[in-house]
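Chains here go by letter, A, B, C and D, matching the order in which they are written, and residues are numbered from 1 within each.
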Amino acid sequence: MIRVEDLRVTFQLPRRTVDAVRGVSFEIEPGECVAIVGESGSGKSVTARSLVGLAGPGARVDAVRLEVDGQDARRFAPRDWRRLRGGFAGLVLQDALVSLDPLRTVGAEISEVLRVHGERSRSARTRQAHRLLEEVHVPEPQRRAGQYPHQLSGGLRQRALIASALAAAPKLLIADEPTTALDATVQAQILRLLAERRAAGQTLLLISHDLAVVAQLADRVLVMKDGRIVESAPTKALLTGAVHTYTRTLVEAAAGRRRATGPAPGPVVVEATALRKVYGDRAVVRDVDVTVRRGEIVGLVGESGSGKTTVAQLLFGLAEPTSGQVRFEGQRFSGVPERARRPLRRRLQFIAQDPLSAFDPRWTVRRIVAEALPRGASPAPFLERVGLGEDVLDRYPRQLSGGQRQRVAIARAIAPRPSLIICDEPVSALDVSVQAQVLDLLAEIREQDGTALLFISHDLGVVRDLADRVLVMHDGRVVEQGPASAVFDRPAHEYTRELLAAVPTLEVPA
Amino acid sequence: MITAILRRAGAGLLVLWAAATAAYLALLAAPGDTVDAIVGDGADTPGIRAQIIQEWHLDRSAVVQYLDFLLRAAHGDLGRSYLLQRPVSAVIGSQLAPTLKLAVAAAVFGVVLALLFAVTARRLTSTAGLILVSTPPFLIGIILLSIFSFRLGWFPVSGDRGFAALVLPAITLGLPIAGTLAQVLRDGLDRALDEPFAVTARARGLRESGVLIRHALKHALLPAVTMLGWSFGVLIGGTVIVEQVFGRPGLGQVTVQAVNSSDLPVVLAVVILAAAVFVVINTVTDLAYLLIDPRLRRS
Amino acid sequence: MRRFRATLASLFVTTTLVVAGCSSGSPGGNAAQAGEPVSGGSLTWAVETEPITFNPHQYAQAKTRLLVWNTFEALLTHDDKGGYLPWLATGYEVSPDGRAYTFKLRTDVTFSDGTRFDAAAVKANVDQLLAPNYAPAVAAVQLKNLDKVEVRDAATVVFRLRKPDVLILDFLSSPQGAQISPKSLQEAENLKAGGPQLAGTGPFVLDRYTPGQEVHFTRNPAYNWAPPNAGHSGPAYLDEITYRFLKESSVRVGALTSGQVQLIEGVPATDESLISATPGLSLQRGLNSGSTYSYYFNTAHAPFDDVLVRQAFREALDVPAVLAGVYRKTATRAWSVIGPTSPFYDKSLENTYGANAQKANQLLDQAGWTARDAEGFRTRDGKRLTVRLVQSAPFVRDRRDVLAQAVQAAVKQSAGIDLQVQLVDQGTATKALADGAYELFDNSRADTDAGAALNLMLYSTGSINRTGFKNPQLDKLLDDAVATTDQAGRTELYRKVQQLVITDQALVLPLYAPQDQIAASRSVGGVGFEPTAGVPGSAYRLWLGK
Amino acid sequence: MTIALDRPGAARARSLRAPRPGLAAAAVFLVLALLAALWPALFAGDPLAADPLHVLEAPSGQHWFGTDQLGRDVFARVVHGARHSLSIGVAATLIAVGAGILLGLLAGLSHKIADEALSRSFDALSAFPLVLLALLFIAIAGTGTTSLIVAIGMALVPHFARVVRAQTFVVRRAAYVTHAVAFGAARSRLVVRHVLPNVLGPVPVLAVLGLGEAILLAAGLSFLGMGPQPPSPEWGAMISEGRGYLHVAWWASVLPGAVVTATIVALTVAGRFYQRRFEGRELA
């Protein structure tokens, strides 16, 4: 169905050329489910999009062979590509909120595909759109078709996007990170849907950074790194006997690795009782109690909208609780003026998901870290601790990679020797291999400094790997809490069970 | 819903009051008093001055005059023009239609041209638009006038008689708008075409023109709508100059004359009118947003 | 004085007015092309200035005079020799003491609203003019000596004055003295603004006014009382005429050359060659009455408190050269404060001063302005010889701002005088004048009787006396001239005034005689200027040939 | 073998590269304009030397831009006018930027209600016709160069204030500012160390773009007769004075107009280049 030989894609940017794909060869047979796995910048998306002539702005695509649906795509005129798109291959992108036109109704988006591919009758298009929505299990398809993407939940949106990609009955469905932006439970639903299509005989090309996600679906996995395929094997073979070291790293990272639990917890560092936060008429946090002791890593998990970030802000003193109280190191930390908090401030640090926005863009790394230090102290030792050389000192945050930035953020956080660091999704924006390194670093810091960590994440995997104790939040409440092992192995609350079930896990066959 | 409308109306009134008061205070600070303005360069004796003071009630304190002005304005009475000896509402009223006609024609021309440019000739847009925006509008007017009216005789030189007389002024006024709008649209289109949904649309087999018109254009309209308020500012400001160049009747002429001769009631009325237009345009802009972007609508 | 005295009748200085065969102003130079006068047709005339009012009583803009006489008429009109011709009045008599003017009125005149024109109407008009808050300037200036108006009978009206004032005749032939239907005076909604609601007796009726754009007149078919110098009698030739307001001179010229209008007034000198070069167009110029466009020296403070500096400034300037630069060869150089077309003009002043840089420098040296600063300007006691001319932007016309720049360059070059030209808004200008923050004041007045202008400009208490010059002898001369009814006497008095002001005191630097230009299609006949006033005439005489 | 060159992307890639020749031209022009403003004598002679014998002469080798109604050399006036027009523009922009920064910071940093009131009025005022605003100020202050500068400056204030307020609003809530709380920084310290520098960063770019606006507005007001006093060779006044001679001497108004256009185009090109660079759109 697809035959690619020595595919090369280069991007001509104003001042330089970027080789995104450097000689990739693969084939896809009908009925197969092939996955391309790689980290950001590996060229996986560009490869997939090249198959429908959408490599991207300024892209130059060369290949020894590029056979799509039995035709030589190298000689395609724009018309030929258009016929192919939608008809032969449907494309599903990451987040339906931006991948579906936000200004048009879901129904219009689906019926557009039908119109482009020859369905003249408007009423027929509407009927088909409803049928398609039904096929991807969207309840009340009539009503949903008339709604806009933002009015649908993440899961429904993504289903609608898939429905639109399937509308013209394409032989091949290309799904580029189809679940990445979704909560775990929703992700599980979408994966089930894709599995269902595959079972129905749909050929699938799956692109993902998450080996765990594709492992459930794919027959064959292509691992890409730096524009090349480093390994290509049937899924099972890849998981058990990866040849390439990079693949092994990926497999290990995806499988997760439990970090050692810390020493016995010390005195209470922060204690929040009956926290409640109401915005307008919506209670975002309801009656939450959190206690973190010295040397302890407490995981706070929940899906988007569960209120976990608000809890972080309340603990950190960026927002005042509507009711309830926060005490830090035994002193009142909520309901007091900032002036009263200031002496305690350095003992409490924060690491955000997106370190770039947490750095003053005009400052060098030196200055950023020095801000956290007494005047005149050198930032170099702290950078060394987080594994960064002195060469980064005079660079600006935007010149660093994501992993390096998060290390700088950690360096800055540990510099004042805090008793507690609140980490809000600190590794969510990072590639899996880098994630593992950062988690190691955090575990090490706890180990060496005895610093307590409140680790907030939607990703149960990382929490399980790191936390001693876990709190599960849902709808502003803590629904379950306990030692990590207990919560993960014997979840008591139904929601926790659901959440755990949804997490794609890489079950490496023994 | 009702509270929203009430709030809107309240805010509108507040803007009107603020504009009127600010202008009133500003003019109070102007050199030369009202009597000077009424006397102009004509004969000037104490007797004449006394009569003027009596006729226009200028002997009252500034506060009383201001309150009186507000009270009357609230009843729709904007006073009488010192210079033209007619009710201000009549002066403004008679000039409103030609200016509105010009502004609307220019806006339509500008928007159509901008759309044409942005959609069909995107590459040309930035250069052409930049030059148009950077040229003093009166120069454009003068050049258009001398070519198309004096030399070629295609359009009447001036006045407000029929469509033909509207063409050149509307073009003059519309070109800078088209220039800016085309650039904003072009930027918006470029941005929208880089969005994931544009990739999705292309992946459906949609032509580039289809992606442009069915998807990207609506997105590009959002920033363009923001420009709407600005455009009307430019239009109204532009009429001041364009009407002068083309000898068209209209508020622009009235404004310049009123400013020149310190015709306080007329200046105040123009300010209030401009503020009212602002309120209306603002409301229209908000409505347009709601129309274009469903995300802003509350269920 | 309440009643006619019987004795007066025989002693009246009777001015019998010639009814026919009067001079008819300047003849239409394009009569040949336009052919014989024909009735019918419509014309469009582009004019520079939009009237701020259509009520003749409120008239204040000489540029709009041509519109007034289409709808309104006065009791008398000017001939071109400084005398008066009958119009709505058939004749007048002046009492020997000069304090009573008796007018005989026409009896066949009706206003366009059907009201009869009679003595009561005349009185109603004057009463209105004297009404509070109506026309304070007219009441305070033109009618300052009026005691009352008496209606003798339907066709006779008497103006009684507190003291002799010959200018009352000028007033009664001026737009402010024009007759409005008494009905309109009572009923018009915006009386002071005028417009279609005001009925007059003129050959046209104003029926449509579009502010900022145009005013439209249609023929008054009943009209049959043209003044003797009107060139024809009966209704006007044209069915209708539209005046369009085009402020920009290039736009007016463009409109004419592209055939969109048939007549324009206000042709800038630089465009005259274009008009002459265009076949089918003709150009005429008429010199205005009143005072010339002049710079008045402020004698209230230094440096123009010194007559030597005033003289020096006049000598420093080569008036013909700057006029040639700014107006090409179209401007008429002025020698006196009074225009050359006025019967009171003193021709002997010509070539008595000016364009003598050497003399200017000598005079300045004498006056103590001996040193020069780095920029070449003269100084005295370390102070630069700076003089300020404040021009009010809204009232600048005829490129007087450009002329000021030319003067500025000239006096700098020839005598090291720093002339600073300030083009400011009306409020600032008024303030500058009130504060005396000026050394030069520029002005021309279009009064048909030059004496009226001089009273305002030169009289010690004149309301536009900007020279600060107060001289009992001058006041006496001006008073006498107004009280004297015979023209020769007045001419002699005004000759003395001019000698005093121009030659002895060098109070004024006359620059040019204001003029009006009319450019017209050669198919338009009867194009000409109003006698004495020298402004474009009304539409009564116009016709459209072929 | 090249298979596909994606069209919109190509256009975009080109649009990023396209201004290069334009940028160079703009830079050269601006340098020339600046030189003309600083040392006009380098380029041309006396802008005030009137020559009644050679009025309104067409452009020639001797008078590159022809002569005007007083026989003055239009090129010399344009060159010397650079000082007037640019300094009016610069002075007005400085006023606008200065006051704009103050008011914008005030609004952006002050409490909700004060901010609301201030920023609402900025919104309203910046949607208000610029010309009308400037006319109002002129009605108060009278005509003349100083009041022209003040009028233009004041008219542009709301625009700058609005931008600065928006920027302040964003920066103040930026993660790196809230984060600085973690180090016990006092509010004033936050403002000085983080907010101010980041708010002021884009201001020079805005000022360059605003300068174009100011020059254009000055030209418009000069056209309405509210500009500098004659015989200052201010560009707008030159166009205005020259327009009466359009039939016989187009150069007296069109050529100064072309210079105004070129200046503003050059300023905009330069301003946008730096703006793009600032926003990081220009890939270094």
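Basically, contacts are C-beta pairs under 8 Å (C-beta built on N, C-alpha and C of every residue); 3 or more make two chains touch, one makes a residue touch a chain.
Keep in mind the model is a prediction, meaning the values are calculated, not measured.
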item	value
Higher-contact pair (C-beta pairs counted), B-D versus C-D	B-D
Geometric centre distance via CA averages, chain D-chain B, whole Å	21
Distance between chain centroids, defined by C-alpha means - chain A, chain D (Å)	45
Distance between the centres, which are taken as Cα means, of chain C and chain B, whole angstrom	39
Touching two or more other chains - residues of chain D	7-8, 12, 138-139, 142, 243, 246-247
For chain C, residues contacting two or more additional chains	248, 250, 253-254, 257, 393, 425, 427-428
Shared interface positions of chain B, touching two or more other chains	30-31, 142, 146, 150, 194, 208, 244, 259, 262
Chains that touch, pairwise	A-B, A-D, B-C, B-D, C-D
Contact set on chain C toward chain B in their complex	52-53, 55, 58, 60, 132-133, 136-137, 140-141, 190, 192-193, 210-214, 244-248, 250-251, 253-255, 257-260, 392-395, 425-431, 434, 456, 463-464
Complex contact set, residues of chain A against chain B	49, 52, 54, 57, 78, 82-87, 89-91, 93-95, 98-104, 112-113, 116-117, 148, 150-151, 161, 164-165, 167-168
Residue ranges of chain A in contact with chain D within the complex	12-16, 53-63, 66, 73-74, 76, 78, 81, 316-318, 338, 342-343, 345-346, 348-350, 352, 354, 357-362, 371-372, 398, 416
Of all residues in chain C, those that touch chain D in their complex	248-250, 253-254, 257, 268, 270-271, 273-274, 321-322, 324-326, 393, 396, 399, 401-402, 404-406, 408-410, 420-425, 427-428
Touch list for chain D against partner chain B, complex	7-8, 11-12, 14-15, 18, 22, 120-121, 124, 126-132, 135-142, 212, 216, 219-220, 223-224, 236, 239-240, 243, 246-247, 250, 253-254, 257, 260-261, 263-265, 268-269
